[in-house]
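Chain nomenclature is as follows: A, B, C and D, assigned in order of appearance, with residue numbering initiated at 1 for each chain independently.
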Amino acid sequence: MSIKYLPCFIGRMLGALLVSLVLSGAALAQQPLRIGFGMSQTGALAGNGKAALISMEIWRDDVNARGGILGRKVEFVQYDDQTNPSTVPGLYTKLLDVDKVDLVVSGYGTAVIAPAMPLMMQRKLVFMSLFGLNVNSKFKYDRYFQIMPAGPDPAVDWTRGFFEAAATLNPKPQSVALVGADAEYPHLALEGAREHVKRLGLKLVYDKTYPPNTVDYSPIVRAIQATNPDLVYLASYPPDSAGMVRAASEVGLKTRMFGGGLVGPQFAALKTQLGPLLNGIINYEAYAPDVGAKFPFLDQFLAKYQARAAKEGVDPLGFYLPPYAYAMMQVLEQAIKGTGGLDQGKLAEYMHKNSFDTFVGKVSFASNGEWAQPRMMTVQYGGIAGNDVAQWKKSGLITVLYPNEYKTGTVRAPYHENRK
Amino acid sequence: MDSTTALFANAIVAGLLLGGFYAAMSVGVSISFGMLDVVNIAHPAFILLGSYIAYTMNDRLGLDPIAVSVVLSPLFFVLGAGLYRVYYLCFEQRGQESLRGLAFFFGILFITEVMLVLVFGVDYRMSKTAYADTTWRLDALDFPMRLVVPFLVSMLMVVGLQLFLSHTFFGRAVLAVAQDPLALRLMGVNPIRVKERAFALSIATAGVAGAFLIVIQPVQPAIGREYIGLVFAVCVLGGMGSIWGTLLGAFVLGLAESFTSTFFGPSWAPAVSFGLLLATLAFRPAGLLGR
Amino acid sequence: MAGPLLEVRGVTKNFGGFNALEDIDFEVQPGERVGLIGPNGSGKSTLVNCICGSLRNDAGSIRFDGQEIGTQPAHRRIRLGLARSFQIPRPFASMSVLDNLRVPLLYAANARAQKKLSHGEVAAEALRILEQVGLAGKARDTSGGLTQVDMRKLELARAMASKPKLLISDEAMAGLSASEVDEILALLCGLKGLGVAVVMIEHVMRAVMKFSERLAVLVAGRKIADGDPQAVAGIPEVVKAYLGE
Amino acid sequence: MTNRVFAAVAFAVAIAFAAVTQLISNEYYFTAAYTVLQFVILATAWNILGGYTGYVNFGSAAFFAIGAYSSVVLYNAFKAPLPVMIVAGTLIAGLAGLGLGYLTLRLRGVFFAIASLALAVVLYTFVVNWDYVGGARGAYVLQPSEVPFGLPRYVHLLYIAMVLMSALALIVARTIETSTLGRGLAAIRDDELAAECSGVPTLRLKIVSASVSCALMGMAGTTFPYFLSYVEPSSAFNLSYAVNSIAMPLIGGMMSWVGPLIGAVLLGSVQQLVQVTISSAWNLLIVGVLLVAFVTLAPNGIMGWIDLWRRRGRG
């Protein structure tokens, strides 16, 4: 603010003070409800962070258009955590002690959720987190809630779909290769996959990880091919998802099922970049146009989201993370309305006991704060031609294999014959 | 070919292809750091700048990224010349190049990175080329064009640079400048001018290497940092100031990476590569082909 | 003590295929003033570097004060009482002139002394040496900003501060004016009174002839003459090799 | 001021800073101060080798991570008390510095710089593959529920630990600077060959300097696991530690212990401020622009300015 405006500013401040003094009693209820969080706007996960932020802002505008929550307008206080966990304790203490927000929610991803946990536990706050993997297994905090539909035992439930689909193959698969990036999510997914390998009595012929900044993935794919596995389960982040998919095509990987836990193809950027290379690959998705009818509210959201996302240059499809970011806020909204206030203990109790209607369907929480029912879908891509983004809005490209209530088809195996 | 032999042969091919790419990334550093004693830690930032320029031309006009980068390399040459002039005036002239020069390039690295973030955003970008998704097969050997094309152009560039430096007056002046600037002055050559051009040449190679990078893998502004270690490792491993050494160092690292990935576990690849570098520094500091 | 102070026997040094020094014998008696001359590239500086430990000789032995020093690191040799000045002055540029002298006083002189000097004594001693060379007035100046002749004086003063038994002065006069040469020469001659032996490497023949009690000549890595200065300067081979045709 | 007086003053100031925890209840200031102080230690430590001796260490993050991960090991093994973690991490990082120094400090300065970078990559890979400390998945280190000394929150304890460690680091740096050792290091920085020929045992001094510098960097990392509760390799080895520990002394001035302190407090606070105000890619840009601006326009940093100004005042 320049000096020129200072008197005007002071005048306005004095005015505001006067008004608030006169109306103090009545004004209290009219004070905005402030919700604070850190969200990655720069750094490795900034793309996802920005998409989530847009969704949350859409929710805020929707709520305010309806007159707010309990008569209070909703305001956000939001900082950039730079995808750097060490900024998180500072940001959240600032939110709570300086900005004095009424509620906090998490940023995107395990790495920035976990560092906020001790603070939440000390202050006994309800903490809704956005796509954290199994964060609460160590903290065991009863006011923690998580919006990713991974199920009560995230590690195991996350990979269940791939192996359930594999079990339907005829003849039954015998051997499996597990491979993933050296990072928190892939390691967790592989841990879960090992459980299924044991459960199904498969032979584990390859079980290794690679650094996520690898340039050439073909030696890895060849080493996997040398073990001739029936199944190849891959858990990866966007850049290495692209690298592994390319390498599999270049080396001509021959296996019956390939994929499972690739982060990246859920977003439009990688869908368009890889295009037909995705044909035949198994993966997980939170939404598919084929089962749009089972997500009756999502269309409303996507209509709002896609218009804004295109303008701001973030994920233009919004099938994956954005609806969940919106749903996270819906859960909080309903809990506040249900308890009639911000008492953290009552909120937590309400959230444990009730289920919530959101844009991603009915949500209810298990005792550890994860979804009571896993709902991530295992899918297979196919019929993709060219690299244009619009085709992904049509049905037919994403076949849902699991869970059964969403199933639209069966596995097309082997992978190398469905790749073309 | 039985499967183990094929695996082995493919590991060699993959290592060499990767090494060719690493050579293109590092040859500029070999000139600036190895020959001119300019610790240009921002080299990867210029590589990324090259990537994004190639990406833009590819995305908007559908041009081949590598062809674009070769045509636009004079632009990088000019950029390099300008940068060296600033560096010379601010640091070399005052005799403070070692530490402050380094910090200067660190700053340049960040500024370039942020500029790229502001212009292109933080999403991964990749170029589209006709050959990227094709693979040429010879018996059991795979030659993915995505790596072969950059490899070939890189070899042309590196060998061309070596011939240029060893067979022209300018080249010999560059080789001499690091050792004895005074003697050059007596020969009637302005060492500052020689260093400026040589540095400009090194930045021009960064532009071309940037196009290779975006042909090979998706690119995001912050990944430049991941290559700082690699380019200097290649340079020191092969031997400071030797282009053949850089080529050898690049192949050694490429092969080490592909063999570790194939036979031991890809997770250990960086430790093997950089362990190799540490061992070289401890026991043969002049590098494999050091003078 | 019997025997020479410095005794170089059969020292050889190769760079790649190039023989920089070949089988050099060279001696200096305690308190002696020796001149060492030779054309550019004859190996004088290489010999100094081998004696002082900046380079390692490939063959031969170097004994100082009765001790073999050929394998010791440079700082040990300095501590034994062997000091040198550099051809191109190398002051500690960020330090004051006085602080430049503190380094050898603390690390070389103190290392050898029975009674260590306190910080105050070190400063007093440094100032005394600066007075000797005529730099006392500039004791607080930053050494990086000195004039050429003052740099040379500082170079000698720093060598003297390590309390040497032998000082090797490597072309301390190159490029100085006649009166400046005389100043430096007077300084070096003054060391005789302190019982310090001096090896003077120089191109300025006037100074060498005036200074030396003995004169040695290096040509292309070999010593071709060693003896009385007047006699050596008269040997035709020396005249031919050193002064040109 | 003699070293003993300085140490007394430094600890007195530290205790005063620690006592503030009794007056201010707002946790944010302590969390922010913790981060700034962490950089004070890193910058001071880096400067012992980089500023005093002239050897650039790119691997600050690696030594910081050694401190952090040694604490993780001690936590996993037997929930060791905080002081034990601090001492152990400091020693282990110092030993790593000793080893690296012994292997590469006889080489030219740039080789040491590259070697420190290589060490960071090798250590990173080891940590990623070491399941006992969580590997790539990261490790959870939970703050004890009981806070000792009647402090309101655990972060206050971490803050006090950080204040005391900063005081220690500054005392060590100043003691070295004013000692014979410091003069030898400065001689090495100015001219290594001339130093050796003045009787300075250069290799030994460089190794001592590297060990102390790396040990203090490790010390800065020892409380990191408790501060974050969750440590994973990419946050512990974050490039920002390496960059800031170079940038801060450069901006403050590298010739004395005051420079890194000023640089760290200034740049650290600016970063904290930017984070909660204009919040975006600008944070990195500020470091970049400040670096370039300072090294080109004020090569001796803020302390250089002050010296110049003082001298003008006298002249």
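As a convention for this text, a contact is a pair of C-beta atoms (placed from the backbone, for glycine too) under 8 Å apart; a residue touches a chain by one contact, two chains touch by 3 or more.
Please read all numbers here as calculations on a predicted model, not as lab measurements.
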Chain-contact steps, minimal, separating chain C from chain A: 2
Which chain pair is joined by more contacting C-beta pairs, A-D or C-D? A-D
Identify the chain whose mean C-alpha position lies nearest to the mean of all protein C-alpha atoms shown. D
From the C-alpha centres, identify the chain that is farthest from chain C. A
Hey, how far is the Cα centre of chain C from the one of chain D, in Å? 42
Expressed in whole Å, how far the mean CA point of chain A lies from that of chain B is 37
Can you work out the whole-Å distance between the CA centroids of chain B and chain D? 32
Two or more other chains touching the same residue: where does that happen in chain A? 42, 182, 209, 211
Pull out every residue in chain D that's touching 2 or more other chains. 125, 128-129, 281, 284
Mind pulling the chain B residues that touch 2 or more other chains? 117, 267, 270
All pairs of touching chains, each written as two labels joined by a dash: A-B, A-D, B-D, C-D
Seen from chain D, its contact residues with chain C in the complex are 180, 183-184, 186-187, 189-191, 193-203, 255
Listed in rising order, chain D residues that touch chain B in their complex are 50, 54, 56, 103-104, 107, 109-111, 113-115, 117-122, 124-126, 128-129, 239, 243, 246-247, 250, 254, 281-282, 284-285, 287-292, 294-296, 299
State the interface residues of chain A toward chain D in the complex, per the touch definition above. 41-42, 79-80, 82, 84-91, 93-94, 96-98, 110-111, 114-115, 117-119, 122, 138-139, 181-184, 186-188, 209, 211
The chain C residues in contact with chain D across the complex are 52-54, 73-75, 78-79, 83-84, 86, 90-95, 99, 102-104, 106-109, 111, 158, 161-162
Quick check: in the complex, which residue numbers of chain D touch chain A? 26-28, 30-32, 35, 125, 128-129, 135-138, 140, 142-143, 153-155, 224, 227-230, 232, 234-235, 238, 240, 272, 275-276, 279-281, 283-284
